[in-house]
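Both complexes shown next keep chain A, but they swap its partner, so chain B is in the first and chain C is in the second.
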Partner chain A sequence: MSSPAPPAVDHLLRLADDELILGWRDSEWTGIAPFLEEDVAFSSIAQTEIGHARAFYELAARELGGTADELAFDRRPEEYRSSPLVELRLVHDWGRTIARHVLYELADAIRIAEVKGSPDPDVAGLGEKIEREEAYHRMHAQMWADRLAESEEGRKRLVAGLEELWPYALGLLEGEARERLTADVAERLPFFTPPEVEPVERGEHVDEWAALWEEMTMVRRSAPGGQW
Partner chain B sequence: MSVAAALSPERVWERLAEIPDPEIPVISLVDLGVVRDVAVEGERVRVDFTPTFLGCPALEVMQTLMADAVRELGGEPEVVVRTDDPWTTDRITPAGRAKLREAGFAPPGPRPAIGQVQLVDIQRGPFRCPYCDSTDTRLDNIFGPTPCRSIRYCESCRQPFEQFKTV
Partner chain C sequence: MAVWEVFRQEREGQPFQHGGSLEAPNREFADAYAREFYGRRDESFALWIVPREAVLEVREPYVAPVFDRDYRRVDGYSIKVKLKEARELAGTPSG
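On to the complex of A and B.
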């Protein structure tokens, strides 16, 4: 994995890395969410995101050789193609967590719609399948954004999170998709006006990524080639 | 009778229909609609399999169970995962739906014409309680113990129940 992957495969890796790392971050709420239903919800969402990551890694592995697990866990931290948005550690801050959740799901919907249009029937079919599962994540995110926006304190915290994370959300997408996201956010989150900002682009990693990579790959590195 | 003669696609389908879903054992893999095709060529048996929910840990177990069943019949299995034509809950057979309901597990509603379920569908839709048949039920949590399930609550018999998600 030292030489850059071809564009179509690089795209699959970007999708896979985002879903894997967001799934990992979502799972950090397991056991400590504000109440039991959200423990279950964030754990289930995490499981589904990681399932999507695996499916994307499998398609990438078809081109690159190797296995999904090797792509997920055997690369160096700087080789991951993830967006900084998903790398941020947000546990203990529910307002920022919901802000990322809703921004990610709105951006992901735009991206998955593009995947559905792929000329490769396996990629397009996967996009269709993922879109149906992600519809539930999107509903959950919207429901929580609306719920927080109902109270003054909730809205204040949510909007602070949206303002902080908006440049990161833009960095998840490229080109015209960014304009679509701006329009979708304005429509779905009427209490928030997306500011004009420089996107936080993919390619750089946030400081807390190193610690997450250590944790994610620890078991695999401790027993190379292990099967269980 | 030779092994090859015994291995008809019908025989394979029959055997696959005996395999219970690993997480919801009241329903078979065939009733669940995950077996897309069976092709037999001599001893070689190809089973086309479409995954349910991508995060479902039962997917690998299902593939192992199907391969084992083919070996029991004397065949050489090849389980092919198909992603080009994805599974939907509309593929669960009518018999499968009846078995789910009998087991206290509300079957999925039909997929909406627009293709994607909206929050309003699952909040206001006429979902029926599998215990008392009342449609006076409400959504309690979009997410449940596995990726395929939501949790609903029946206002009539005051019983929470699991609802298969529509995808």
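On to the complex of A and C.
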């Protein structure tokens, strides 16, 4: 697995790693979200992201061999293709969490549209299935962004998060998809003007990724090769 | 934050039945949470999401029957025998 994967498989791993790690980060809100209903809703979103990751890993495993679990948990931290956006630990700051949520979902919409157009029918079919759930994620993210933007305090916190995370959001995508994201963000979040910045590119990992990897893989590493 | 009552219709054409309640600050949130709690597993065909304050609740809604007026109640009459006789007269088989 240390040799570079072919481009199509590498793309699947990028998608899978982003969804797995975002799902993991979102699940850090389980039990401590702002109120009960949101706790259930956000935990459920975290769970569906991890479900999407599993489906992408299964398609990647078809090419690379092994299983989805092995791809998800048995690689070294530096082998993950995740974007720094999803690796950031934002728990306890709901404004930044919603900023990431809405930026990620808007970027992911562009990506899923590409997946649906894949020449590989299995990949395209998975894109169709995922889109049904992602549509709900987008609705949830947009309603929260709008809600926070209604009050002065909420808007201040949300916009601070959007400004900080915008270079990371750009790094989630490549090529002209970045221009589409800029246009989509300007349209959906009219209270925020995306600044011209250098994207935080995929490839480098943020400092807090190491601790998350430790936690994610701890139980599996405690019993290598174990049957679960 | 307001309380919203959620009614579920399991299949198209069936009556809506009370599913439960949830707290949400506005219609958009109530919509999102109701979908999450009652629509996530394809268990509902449609939902009614109603602010609790819009529900008019009455307790002990009956008007107490002070006088004996059983004759007003339709279940007081048996038409079974009459129907049988009528069918025989008309020559149609009794059902």
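Throughout what follows, the second predicted complex is superposed on the first by the 228 of 228 C-alpha atoms of A that agree within 3 Å, B and C clash if a C-alpha of one lies under 4 Å from a C-alpha of the other, contacts with A are read in each partner's own complex, and residues count from 1 in each chain.
In this section, contacts are C-beta pairs under 8 Å (C-beta built on N, C-alpha and C of every residue); 3 or more make two chains touch, one makes a residue touch a chain.
The shown structure was predicted, so the numbers you read here are calculated from the model rather than taken from an experiment.
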Put chain B and chain C onto chain A via the superposition and say whether they clash or fit. clash
Per residue count on chain A, the busier partner among chain B and chain C is B
Now for A:78: first (chain B), second (chain C), both, or neither, which partner does it touch? neither
Quick check for you: in the superposed arrangement, does A:41 touch first (chain B), second (chain C), both or neither? both
When the two structures are overlaid on chain A, which partner does A:140 contact: first (chain B), second (chain C), both, or neither? both
Let me check the overlay on chain A: which residues of chain A are in contact with chain B and also with chain C? 37, 40-41, 44, 136, 139-140, 143
Chain A residues touching chain C - in the complex, by the definition given at the top: 35-38, 40-41, 44, 136, 139-140, 143, 146-147
In the complex of these two chains, what residues of chain C are touching chain A? 1, 22-26, 28-29, 32-33, 35-37, 40
Seen from chain A, its contact residues with chain B in the complex are 37, 40-41, 43-45, 47-52, 54-55, 59, 121-122, 124-126, 128-133, 135-136, 139-140, 142-143
Given the complex, residues on chain B that touch chain A span 51, 53-56, 82-88, 115-119, 122, 140-147, 151, 165, 167
